[in-house]
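In the part that follows, the structures are each spelled out as structure tokens.
In the two complexes below, chain A is the common chain; its partner is chain B in one and chain C in the other.
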Partner chain A sequence: MKRAGKILGVFGLLVATCVATSALTPYFLTAYNIENLLRRTSLFGVISIGAAFVIIVGGIDLSIGSVVALVGCLLPWLLVEHGVPIWFAVPGVLLLGLLLGLCHGLLVQRVRLQPFIVTLCGLLIYRGMARGVTGDQTVGFQNGFKGLRSLVKTRFEVPGLDGFAIPSTLLILVAIATLAVIFLRFTVWGRHLLATGRNASAARHGGVRTDRYVVLAYVICAGLAGFGGMLFILDVGSAQPADFGNFYELFAIAAAVLGGCSLRGGEGSVIGVIIGAALMQVLQNAITLIDWIPDNIQYAVIGAVIIAGAISDEGFRRLLLRRRTGTP
Partner chain B sequence: MTNPLHLAAPMLASLILIGCGDSDPGAATSPQAGTVASPRLAYVTNGVADFWTIAKAGADAAGVDQGAEVDVLMPTGGVTDQKRMLEDLVTRQVDGIAVSPIDPGNQVDVIDAAAARTPVITHDSDAPGSARRCYIGMDNYDAGRMCGRLVKEALPDGGEIFIFVGRIEQDNARRRRQGVIDELLDRDADPERFDEPGGPLAGSKYTVLGTLTDQFDRAKAKANVEDVLSRHPDVDGMVGLFAYNPPLILEALDGAGKTGAVEVIAFDEDEETLQGIIDGSVAGTIVQNPYMYGYKSIEVLSKIARGEDPGIPEDGMIAIPARTIRAADVEAFWADLREKTGKE
Partner chain C sequence: MILQARNIVKRYPGVLALDGVDLDVAAGEIVAVVGENGAGKSTLMKILAGDVAPDGGDLRVDGRATRFGSPRDAIDAGVVLIHQELSLADNLDVGANILLGREPRTGPFLRRADAAVRAAAALRAAGLDLDPSASVASLGMGTRQLVEIAKALSTEARVLIMDEPTSSLTAAEADRLFETIERLRDEGTAIVYISHRLGEIERLADRGVVLRDGRFVRSFERDEIVRDRIVESMVGRDLAVDAGLRAGAGSHHGEARLEIRGLRTIRHPQHAVDLTIRSGEIVALGGLVGAGRTELLRAIFGIDRRVAGEILVDGESRRIRGPADAADAGIALVPEDRKSDGLLLDESISENLVLPGLARTAAGGVIRRPRAERGLAESLVTRMGVRPAIHDLLAGGLSGGNQQKVAVGRWVGCDPIVFLLDEPTRGVDVGAKAEIHALLDRIARSGAAVLAASSEMEELLAVSDRVVVMHEGRIAGTLARHDASESAIMRLATGGPAADVARSEIS
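Right after this comes the complex of A and B.
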């Protein structure tokens, strides 16, 4: 009930933003723009779902942007600079993401370090590694690897809708989201993961191996960050290791929180997170498309909308609580 | 597990980043500038980019020629990071610093503080009014006007253009953009003029629809181009003022199936830009000479450190002019570039 309310809240905000934007500019509801928005939402949605898993178990991952940079830069670096075959490079960089997540999880769970510290150091280390390995050189596919890049560049034309096509990234997001929803809602592991975040000691006493679920959440998060990094570099085509993926962890965390994940853990909805990611992209798009909003205040607008969402969410929660307890 | 500090992450991260300085208090006391046989010199850039890798090659080459020890530093954390580097270099008592100030208007005190202890020159982007000995680079306003002329060549019958740039608060970006605008609007030369980004600027033949910045986020830079294609489907030309902008314009045009339909006018020498000129998808590009920025900076600083005449003109500007690269000269230019950067 509460979860549904949260999703409705952020969904309402998304719809309101879309309606307002389309009223203010005729260019918003064009096939080309919608397709762009779907693609961007899909890319950020992938890393946001990862962030949600960690937040659900009551942790935080600040290294997402740096994992995006490391994996995103290593892929073209291996393929173009060193001629490593695709079938080796792609699984290799994805495995690297998973391994980094395993390190985070073990450091948090076994060594008992705070997730904030572990992933903050990750943020610094992976950025430094990306820059060191590539020697600060911009890396890119140099118009090659069209086959691999078609993973994110393929468009599926929709019959009857002139000019509109579904980007392949959306299908990737749908696949990942479906797996995540099935895992969280329909498997015992998912329920144990939620229970771990809600109250770790209670879950432990209830026989849940909470340590494993915490590690799993970090593995999923960094794994998806690495996968997202690969999608980003395939989409953009080139990356400068010093700034690629900068602040993306904050976009991911913001999308997860907007989508109903509580930073206290135990709560979260995959659909909500995707809507949260979409909201962030629509806001940025709206600011560019509407002439009278200066482009340089976009962070202020995004921040204001997120805080408005948080306030309305809190208000909604209190309203529910009052109804339930019967107090006026 | 309840940790309200989570939200302070970016703040703490930036504090730690700033704090991780490479100070070297153990360095031996350096002799006074003006008497050093093999000076220790520093070359500070305004960020990390291939452009600076080429400049580094020039600085290193000059270091060998002049018998100087050259340290090239590339700040990643913006103005604060660059300030820290300058302060640490003064602490290390280097014999000269060449810096490309990120925000010259607000960095005069930082440059003056460093210049009080060691010779400082600016390169690539100047800091007028500071105590720097000279500026080595091109006039970005003039280069902007060259870029404007390239737009006129590509669109002889006029048209609507849009400008993309990483940051507009940088002096070089600002002047470059103003040069493009003033050339297209057939205005008199006035490098100090500044049109706020925003509403369209219409001239008799050309209209500059607007300018978008991306703060070096490539995904955002590409999204900007896509959004402009949404908002202005009939745009005739796109100008990318920082090295990575033109390739991302090409990416976005390719995605929209508009390669060739929109004229792309570039700045700098990214490989995809050069390939675009060969393929015909880019009209041309204005290139600086970063190799010479690096070389000349170290040469001048070495001479100052040894007490020789560095040959600084009256106006304090050592000009390294920009060049226009079109389809006819792109191959030769690229071959020369590869040689200097040691690629292939």
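Right after this comes the complex of A and C.
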């Protein structure tokens, strides 16, 4: 009920932004633009779902952008510069993401470091590694590896809609989101994860292996960040280690929070997070397309929309609370 | 009359918390407000102190109609509530806490000398001989309670409302508090006093007001305040005395279900604890605060690491590295602090009730079956007598006694072999207490082994077949039901020698 309200709120904001943008610019509702939006939303959706898992257990992951950079740069570096076979390079970089998550989880759970510190250091370390390993040089596929890149480049034409095609990344997002929903809502594990985020001590006293769920959340987050990093690099083809994936963790966290995750933990919805990720992309797109908004203020606009969303959400919550309890 | 409340009404979703309650408080009297958990006492106090707005009724201060929009308004009118959970900032010193928000200042600067004088005066008024620059972190609970009173007095409070002020105090600390309260009364302060401990009310109150289910039941004058009569009007029925509860249980218990061999806790590694509990047996764990009862229970359940020791369930040694392993072995623990450890307050009653047994109701132990969960939750709500029986209500909205029923109930669904309970009736009203005792009896009769730690003598004696008394981390002695008495328990708990009869029982 409460969750549905939150999702409805961010969905309303998304619809309103889309309507306003299409009224202000003729370029928004074009087949090419919509397809591109879907592609970008799908990629960011993948890493945002990961961020949601960590936020649900009451943690935070600031290293997502750097994991995207490390995995995204290592993949072409291995394939192109070192001729490592695909069957080894792809599982290798994905495993790296999972292992980084395992490190985060163990440092948080076993060594009892604060998640903010652990993943802030991750942010610095993986960025430095990405730049160091590649010699800070641009890496890319150089028109090769078409087969691998077709994973994100394939388009499924929709008959009857002129020139519009569904990008394969959307299918990837749907697959991951489905798995995430099944995990969170229909399995005991998901329930245990949510309970751990809500009140770890009470969950532990209730026989939940809370330590494992905390570690698992970090593994899922960094794993999806790594997977997302691979998708991003396959999509764009080449990257500069110094800025590839910059700020992606903040986009992912913002999407998760807009989508109904509480930073206090215990709450979150996969659908909401995807809508949040879409909202971020539509906003960026709108700023680019609308002539009279200068492109260089885009972060300011995004920040303002998120804070407005948070304020209205809090207002809505209080309104509900007042109705229920009558307290001022 | 300083404070008059007339026909106060307060609704919460699904509950009419207060249904037209009146309360008058005059200068220089102590009015005790008693009632079961959920009777509406706390809600009424919050309304008097401006914490909660009533849905109907009038408040008068000195005969003038008033509305409190916030606790600030109430404090300005001289009405101060001292919360059950103490609210001192322990990173600040005593003086800073007393004057918090009302510091004497010149522009942005604190007038330190002035502040020290005022804080010292407030401390004296509260009967505390304490330096205002002392750190709060170094104070015991009893002194903190008195600092709260000093804080209230420094606002020139004329009405002091105290909600269970002695719940975390030792007997000596409580005595000191009572003396202060009585002196304040004699100096003309009006005091509203809430407590479950009827002995305190017999000692302190000039008048008693009984609430039940949000309604005024009756009031007692000084000479009418007698425990049994108050209990009767609180509960609205004659309580079957718990004392007979285990009388029919007999002493022929079954096989040993829990065996502890050589268990050493982190807190008291020098003492090894051995204990065996049989099927159908309720063993009470007595002792003073700090005797190591909680540590023992936590170590058995795997919350705390064990230094040494073996735990056998049904004769089989079990490897318990955490609560999840304990639960797998058939051990359940209802922890002492139900708000932080026993319940997910922001989740519904049913989510709480099904949590430990979730894997059992799930297909293949993984895929949840909402209908099975719902069925389990509904049956547990009924079996535990949770009120209100609305299972999608948040657990945090329940009264203490009903929260405790949920905290116990979440394990009942797992049919544990060994049931450990730490202070199962702390902060629980008389009626719910009897229900929880009856529940323990049923659990034992179904063949489980029950080990319950309690600080209440009456409880130790009423519900157990055997009382194991701990002292400084070791088992000081064991008393069979027919040998157990308050004095025998106290002797063991304070490190005295066991009576001869009792000693023979230890083996």
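Criterion: the second predicted complex is superposed on the first by the 325 of 328 C-alpha atoms of A that agree within 3 Å, B and C clash if a C-alpha of one lies under 4 Å from a C-alpha of the other, contacts with A are read in each partner's own complex, and residues count from 1 in each chain.
Operating definition for what follows: a residue touches a chain if its C-beta (ideal position, glycine included) is under 8 Å from a C-beta of that chain, and two chains touch if they have at least 3 such contacts.
As the structure is a computational prediction, the values presented were derived from the model and not from experiment.
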Chain B and chain C placed together on chain A: clash or fit? fit
Next on the checklist: For A:Ile49, using the defined touch cut-off, is the partner it touches chain B, chain C, both, or neither? Pick first, second, both or neither.
Outcome noted: neither
The answer to whether chain B or chain C touches more of chain A is B
Q: Would you sort A:Leu250 into first (chain B), second (chain C), both or neither based on which partner it touches?
A: first
Ask   = Taking the superposition as given, does A:Met280 touch the first partner, chain B, the second, chain C, both, or neither?
value = neither
Now for A:Ala202: first (chain B), second (chain C), both, or neither, which partner does it touch?
second
Discussion item. Tell me the contact category for A:Leu263 with respect to chain B and chain C: first, second, both or neither.
Written reply: first
Touched partner set for A:Arg191, first chain B, second chain C, both or neither: second
Worksheet entry | chain B versus chain C as contact partner of A:Leu100, first or second or both or neither | neither
Message = Under the stated touch criterion, which partner chain does A:Phe116 make contact with: chain B (first), chain C (second), both, or neither?
response = first
Quick note, chain A centre (C-alpha) to chain B and to chain C: the enclosed angle in degrees to the nearest 10 is 130
Closest CA approach of chain B to chain C after superposing, in angstrom, is 13
Contacts from chain A onto chain B in the complex sit at residues 25, 27-28, 30, 32-33, 36, 40, 43, 58-60, 62, 114, 116, 120, 123-124, 131, 135-138, 140, 142-143, 153, 197, 200, 232, 235-244, 246-247, 249-250, 263-265, 284-285, 288-289, 291, 294-296
Within their complex, chain A touches chain C through residues 185-189, 191-192, 195, 198-199, 201-209, 211, 266, 324-328
Note: in the complex, chain C contacts chain A through residues 10-13, 52-53, 55, 69-70, 301, 303, 322-324, 326-328, 333, 335, 340-347, 351, 355-356, 358-359, 362, 365-368, 410, 414
Chain B residues touching chain A in their complex are 1-7, 9-10, 12-13, 16-17, 20, 47-50, 52-53, 74, 76, 197-199, 212-213, 216-220, 222-224, 226-231, 233, 244, 247-248, 251, 255-256, 270-272, 275
